[in-house]
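Working notes, structure below.
Should a chain be cited, it is by its letter among A, B, C and D, assigned in written order, with residues numbered from 1 in that chain.
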């Protein structure tokens, strides 16, 4: 069951970095939220996803759009703990707030990742000013298409219409899922 | 005097390629128009501008957005005539309609280029569904920022507000004008 | 019949640009010669071949290695005449000597291209200090492999052994011939 | 005191990955050795150095040239332990043998790194067939120049002459040290 157009549930986190306090999605109503789910040892996240998240953060005024990172570790848990993530954030000079997804009890899949039904990393979730999930993408998406959807979300008024180019990024995503992402199974 | 938000004047052309008939901007009301001004021997147009124009054409449904090329030759006129342009279009597999700007009488600057006050190539002009010039950019612009503005224009209703990221691409443009464009002098 | 290891025949040219006098291969004995065959409207030549030729010219001392361009026009002859080539060289800031291959009498294939049995553009010919053809490649070759062969040719003494990595660039070349070159047929 | 042209001292290692047994430089006499020093959280190593090392491994026959990795951790030691490195190697699909540099006793600089006087990561050391250090580079080096030096080393006979292009890569290195490497201090 797709969560598109439904209100984005709050993240379940064990910790936050690059911010003094935990951030609730509720507190960001009125702004577009770019949520980037990654793992520090996911090659495509490092080469494409995180640089793109930083570019998005730099392209938009903070009062219009907020970029949040979500470290959703579902493999190599011991290699991607909080200390390692801190070192990674330092070396890669990541500036936006990053939440650590709450570890799952049994299967190692963290709780926010399960809640949102993410298929792997990198995953992008776009939440509109009314708090609704408007876009959910697994794998790499090119800047032009991402920019177009962001441009729609920062511009539109209350009515939520389907992004003009949603369909056109499917082949893209399919190819990148094979080559450039870490899949849950 | 900036033409931003004023109605885009019709192009003055000597010929059209990749289309059976001349295309008026008037006939495109209701659609967003991406007008890419280039010269076939402008390195930045070949490496960045034209591939970006093709990507825009492929990213949007034709009924939402139309891509037009405008060959604005202001130097090396003999090397960039109609026959040469035809060969160039064939080799580079350009699919969108391309107008040949009407040669200028005295200074060699073609008439549409003069009319729009373009500073050189590549230049991008974005025209909204109401036929108003909404964005005029000289030099390279990155895909994320361009996509954002296009996303706004395909989404917005009648009210024309300033694109959210217009300012943030200034440094970008400044740098690219030095390195990656052909200036009128 | 492969010409590998045989003495490189002199070019048959109609003109030279970026040099005061015609250049004979004979006059370059003692130096390695990097001969880059291109067409100004060949996309892969513009995007890969010519920038690579410039990088080679900048990487080696002139007394060790000489870069020569050869404009081998076998299609769109009217669009790629001397005047157009001059404008192209000016806009793309090419600094090395460029010969214009002598037009063919019947089939439009220029004479040096025929003499060397080139399959299309871009083509790279490497001639050693003794004037022997040591490498002939059609399509794009990556910098690492090209650099390795050049390093061998500038280093070796009189004995001509097969370049260590010749074989490994076959797949590469095969792929690029499909996607990134202009083939004679 | 430069070690260029002196015999490369053996590495001091705490462990090896991607190999059944420890590898001595002595055992590689007769082959060129490409030694790539990196840290798994060094951005330039991940984006440039390691992909280049893999490209070198794929470009040369194993009996001509051997690629060795050396994990020289001088910062964030807890985040870059053996388990983390194993996960990194798995995710980035590194295939060549990788040694873990022996941790330093006091200042955290590992012993092989000290012994070779490396300035940071990435660092490249090239060892010729006679076991002599012939090239030592800190920061990124472009493929063409690296390929040229490798081509010389696989080709040359016993005499060790200075690589033809050593000087030309200095500006390169200088620039990359600012932007694209992790420096010791």
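The criterion applied here is as follows: a contact is a pair of C-beta atoms (placed from the backbone, for glycine too) under 8 Å apart; a residue touches a chain by one contact, two chains touch by 3 or more.
Small disclaimer: the values here were computed from a predicted structure and weren't measured.
Across the two candidate interfaces, B-C and A-B, the one carrying more C-beta contacts is A-B. One finds 48 Å separating the Cα centroids of chain A and chain C. Spacing of chain A relative to chain B, judged by their CA centroids, is 33 angstrom. Averaging Cα coordinates per chain places chain B and chain C 35 Å apart.
Counting partner chains per residue, chain B shows two or more touched chains at no residue at all.
The touch graph of the protein chains shown is a ring with every node of degree two.
Interface note: chains touch in the pairs A-B, A-D, B-C, C-D.
Residue ranges on chain C touching chain D, taken from their complex, read 52, 55-56, 58-61, 64, 142-157, 161, 163-165, 168. The touching residues of chain D, counted against chain A in their complex, run 41-43, 46-47, 75-76, 78-80, 83-84, 86-88, 90-92, 182.
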